[in-house]
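One chain, chain A, appears in both complexes that follow, with chain B as partner in the first and chain C in the second.
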Partner chain A sequence: MARVNWLRRHVRPEQLRELSLLALIVVAVMFFGSMIEGYYSFRTFNRIASSVAIIGVVAVGQTLVVLTRNIDLSVGSIAGFTAFFVGTLIANHNGVNPLLAVAISIAIGGALGVVNGVLVAWGRVPAVVVTLGTLAIYRGVLVDLSGAKTVTTDSLPQWLVDLPRLNIAPVGDLDVRPLFVVAVVIVILFQFGMGYLSFARRFYAIGSNPEAAQLIGLPLKRVVFIAFVVSGALAGLAGFMTLARFGNITVEAGRGLELNVVAAVVVGGVNIFGGSGRVTGAMLGAIMIGTLEQSLFRLGVSEFWRDALLGLLILLAVASDAVILKRLNRIWARTELKRIDSLAERAP
Partner chain B sequence: MNSLRRWETLLFVLLLAVVSLNATESRYYLGVGNFINLFQLSIEKSIVALMMAFVIIGAEIDLSVASVMGLAACVMAYTFQQGAPLPLAILLALAAGVLAGLNNAFWIAYVGLPSLAVTLAGLIGYRGLARILVEDRAIGGFPLWFNALGQQGLIGPLTLSIMIFVILFVFFAVLLHASAFGRLVYVVGSNVEAARYSGVRVARVKTALFAGSACVSALAGVLYAARLGSVRGDMAEGFELDVITTVLLGGVSIFGGKGNMVGVGLSLLLILNLRNGMGLADITGNTQNYVIGGLLILSVLVPNIYQDIQNKWKGRER
Partner chain C sequence: MTAAAELDSPILDIRGVAKRFDATQALDDVSLALLPGEIHALLGENGAGKSTLIKIITGVHQPDRGQMWLNGVRVSIASAADAQRMGVAAIYQEPLLFPDLNVAENIFICHRDRGAVVDWSTIFRDAEAILAKLGVALDVRSPARGLTLAAQQSVEIAKAISMDVRVLIMDEPTASLSAHEAEELFRLVRDLKRQGVAILFVSHRLEEVFALADKITVFRDGRLISTHPRAETTPSRAIADMVGRQIDLSRRRATSARLEPLLSVTDLGRRGVFEGVTFDLRRGEVLGFAGLIGAGRTDVGLALFGIEPATSGTIRLRGEAIKVRSPQEGMRLGIAYVSEDRRQLGLVLPMSIFANVTLPALRRYRNRCGLMRTSLERRTAETFRTRLAIRTPSVDLAVAKLSGGNQQKVMLSKWLNTNPSILILDEPTRGVDIGSKAEVHAIIAELAAEGIGVIVISSDLPEVLALSDRVLVMREGRQMAILDGDDADPETVMNAAMGQTSAKPLGWPA
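What follows is the complex of A and B.
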């Protein structure tokens, strides 16, 4: 019993949730490894990593939005919009400084996020309505402005074409690719930021109980607004990453990304009711989805199984949050109360 | 109640404006052929919107409608291709729709999950099932009578889908405004806790909402297949946007408990005429799509701003 109590004090239910997801990923990888010849290779790793990188970066922003009890369905359109326009810009001016190109991507994404944020925070329009609308609007504006042109790889400068295959730190045969590194750095930054910055804790406070947060004077609207801007900016960055990864960009780029991202966030244990969830969880969710996406079609079964499995996974994740985690949390809280009670009794 | 009446008046005025603008802009607009065409071109969405109004008045949302349409059509096409007679295939398609709806309802009404998450999973998952059945082929070659039902007039120029729409509209209007079930939907939508404490079987009402929504969507999917004459895995993709827009523009509150069928009907006519007018004016389908997206946001934003202004005036009077 003592050991169980020790466990309860040091491991939170949310961490158990992430651990079980990690176990699920390991099981999935072992399953694919036993079914697919030559699955355990660096090529597989690289393929999964570059898919995870894009989903993961957007999922970090989505986590912030979902924490505040909102949802951002426009990220796919924002990423496509940014990829296309920055791609066109670089294709026309090959001398653009790489860092400037990244900054422009983030700025375009952020600006589109500002529109979402203003409408949700100050327009008091529900996030589903706003982002379902801007999902159509951003994509529609992109299609109209593009004039049916595409960005092609051979119009891009060499540094951008080489970027996704660049090997930053060769460890044996393992290539460490820049896109994946960017995603990992962003996840680490936000993980620590969301954990330790007092400003970041407001996202949790507002998501757990908006009325209470308002009563203690938290700037509810501003925090929701910032969540949407960050989500947009990271979607913009993901747009740049999409451009680097594929080179050929049509107006269809990033379509459907929002489904993968919301799936990653929800599977990663970010509560859709807001107020709980961690950036690392969302990243694990992205890894799970990236693994499924890149492995299923090599399995020889129809790649069309992916979406059906994804739907099932989301359902199970949300259900386990609602049923199992709630119960675990209650048990945890009860033992904690008992401990405090017994301490109080012992005190003179 | 007053503000509700004002919203419908506003819709009516807008509709009149669009109609008269269209009539002056194009001489093809005011013909029976064009009006039938205008209805026919998005009749499936209109049918789904009727049931979506119930779901949103009940303070829920169903994002999976378009995927259920696709799933039903693919189930029909697949079983037909495997040798089942078409009427049986249609029945199986409707059954698949009801099952999908019951699946949604189980998680929402009995496990207590948010409908946004469950139907988002449905949006992805049902589409996936449809794709598994049909993969990237297009299945066609249905009997002639089936295609004729979808494409040609049954009584005069009225097609089967238009007649189904009219019948469903009347049926749903009566169901929502003059039946006990309709009142239950409003009660559950405006205050689910109060409903529960007054002995309303909330779970059953929600089950009816989601099963009904999916059943109607499945029917719409079959009608859509009949109109197109062939079935693909990605058919009806993205329709949920138009359907939800129509309902919200009709004055149904996304927070539930408010809205009526007159508003939904007016908003249907408004959107259809707007799209038709834009089409006659050579505006592409893509532009039409984002105009509709803008309408979706405005239909919630404008009442909010209106309320803000009203509150300010009240403050001044005091």
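What follows is the complex of A and C.
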């Protein structure tokens, strides 16, 4: 019993989850290393890193939304919309300040998130319906506005073209590039924020027991709204990152990103039923998904099979969550009962 | 200020409060004073207006008329947050905790003055201090998920204390607790009382109320019928006030058990849940299952009905060995299981009464084209409405609109309609008011007299003893004893349930 209590206290299910995910990533890398010639190279690392950076940033926002028992399926469309809009803006005005461009991206994403947030929090429409709708609408508006034209690399200013290849802090032969640094900074910020800000703890409370949250007067609607705005804003940032990474932006930009992101969040141990999960877990999930995506691509596996694999991963993650959590709860409940019985026996 | 003056003036004074919902006058001119250091019990059948009063005090509803005075100042409580600010807290039958947050965070969740950044080490220390003061041993770092109901109630009390509570409302806090757990809770309540908290205590368990309360108020039909100091009233008088008629729940039922065994269970078990359960159930017999919550009584019921099939042992029905692997098989064999969880497992709340009643036997109500014959369904429901005295204007009404006792009767109708020869009732009167409880007891006796073998699983010991011909006692998934009616007194049963041999059981008046 003492041992179970120790375990209960020191190893949370989500930590167990993150550790096993880390092990899985190592196994995956070793597997691909043996299958692909020249896999252990900086080129591979950089490719995976920039893919992970984009998935990771959006996954952080998605984590907040999923914690409140909602889901944001429109992130891919928001990222695509932002990438195209800001790309066109910069192509037409090459002199735009880089920081202003980033700020505009975040603002556009945030504004699109506001629409989701208002409809879910105050319109009382289920998040799946709202964001499935906006997923299609945002993409549709994008196609209409763009007239199906593309933003091309040669219309962009030099700083933006160079951005993804910029080497911030060389570690030996390894390049540390801005996109990845941005993702890491965001993950660290949100990890601490979610753990230590009282407002952020309400995300967990509301996802954990909405009725109780309502009864003790937590601002349920405001929290849900903010989750969607943050998710939108981070998707907007990811849109800018997509623009920087590819240079060429078509109306297809960011399409299917939501599948990667939801997979990252769920594989990273964020409970799809809300209330539990960590930002670092979502980031590990993003690393797993990014690694699989890029490596399978190099193995020549088709896009459809890659998506199918992601779907399988989502299902496996949710199923294992259910089974593991049920087991742990049963063990905990049993030790608790024994403790109470022992108290009863000691009482006069 | 002298202590006497302080004790005399009420903390919360409710004057002439009234509340109307559509056609029903939920509360009518109710005046009630809660004094510091006093436990004030509130009794009444379901629908008497207790919940409405609680909701008005906690800011969920606004009264149509009347005033509320807190410490001599007139106040209006417009929201749950308002109530918290004023030091009014409520604890409900089902604790309102956040399963994913740890114990400490749950205790301080209502605090909005602890800064924007959570200082975990302080929170853990403060939570430990509060729990230590309560004498409750809980790990403040572990999540609330998986805590027993009793432990969750303790956390709720810690939560109330952390907010410097002056008025504590307890709405049937012991409904799901075992006797020992309830006694622990009462210890905490008495501590709070000594600290000068005014406590409003709502319960359906009379023995609890008379053991704990200083004053007893009875509601009926939204009106305050009587308020007496405990010494000046008696349980039977309180019941009379509640229902307007005398009811005796403690009288033992006359046996109707016949000789031939209906069900023989030998060494039944389900891996990791319960084991070694052996008993005979005769026709017309009522077999009671007693034990603490979590002793495995419900699991035996689930195994007999096939929801969670047994993994070892044998079941014989009228001498023939049977296997029950699914509820469908259980139903075909004439077994019915009435769940303890009316809301989640038993009834489809938004559906009409008749649709609920005919649900397990739909095949009988299909016409040749496979369509439902609603007129026949209604006729069946009407029969049960008369037979079980379900109080409803129409069988077309949604079950959600009925009171707890009437919902329980619909549940019973639903399973009786499958013509069972064995009826398993799990907590048949939980959350049911005392008048309906007596009716449910009478129905059970009647069903047994008709030759049905009845198993009653109940945490309400007087109920088990009054109803049962024999009592099977379980503890930690094991069968401790089968007591014949004459040997089954509260002490013997509780001793077996607690695994004690000599010491007097806790929480049970001698």
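FYI, the second predicted complex is superposed on the first by the 316 of 348 C-alpha atoms of A that agree within 3 Å, B and C clash if a C-alpha of one lies under 4 Å from a C-alpha of the other, contacts with A are read in each partner's own complex, and residues count from 1 in each chain.
As a working rule, contacts are C-beta pairs under 8 Å (C-beta built on N, C-alpha and C of every residue); 3 or more make two chains touch, one makes a residue touch a chain.
On a predicted model such as this, the values are computed, not experimentally measured, just so you know.
Contact-wise, after the overlay, does A:G123 reach chain B, chain C, both or neither (first, second, both, neither)?
first
Is A:S198 touching anything from chain B or chain C once the two structures are fitted on A? First, second, both or neither.
Second partner only, chain C.
Figure out whether A:L99 sits in contact with chain B (first) or chain C (second), or with both, or with neither.
Once the two structures are laid over each other on A, A:L99 reaches no partner at all.
Once the structures are superposed on A, label A:A263 by its partner contacts, choosing first (chain B), second (chain C), both or neither.
Touch status of A:A263: first partner only.
Should A:A212 be classified as contacting the first partner (chain B), the second (chain C), both, or neither?
Second partner only.
Common interface residues of chain A with chain B and chain C?
In the superposed arrangement, which is not itself an observed complex, chain A uses no residue for both chain B and chain C.
Going by the contact rule set out above, which residues of chain A touch chain B in the complex?
71, 119, 123-126, 128-130, 132-137, 139-141, 143-144, 259, 262-263, 266, 272-273, 302, 304-312, 314-315, 318-319, 322-323
Under the definition above, what is the set of chain B residues touching chain A in their complex?
61, 107, 111-114, 116-118, 120-129, 131-132, 135, 233, 241, 244-245, 248, 254-255, 284, 286-287, 289-290, 292-294, 296-297, 300-301, 304-305
For a test of understanding, state which residues of chain A touch chain C in their complex under the given definition.
5, 8-9, 12, 195-199, 201, 204-205, 207-209, 211-213, 215-218, 271, 275-276, 328-329, 332-333, 336-337, 339-341, 343-345, 347-348
How about chain C: which of its residues touch chain A in the complex?
Result: residues 60, 79-81, 84, 96-101, 105, 109-110, 112, 114-118, 120, 137, 139, 141-143, 145-148, 150-151, 180-181, 294, 476, 498-500, 503, 506 of chain C touch chain A.
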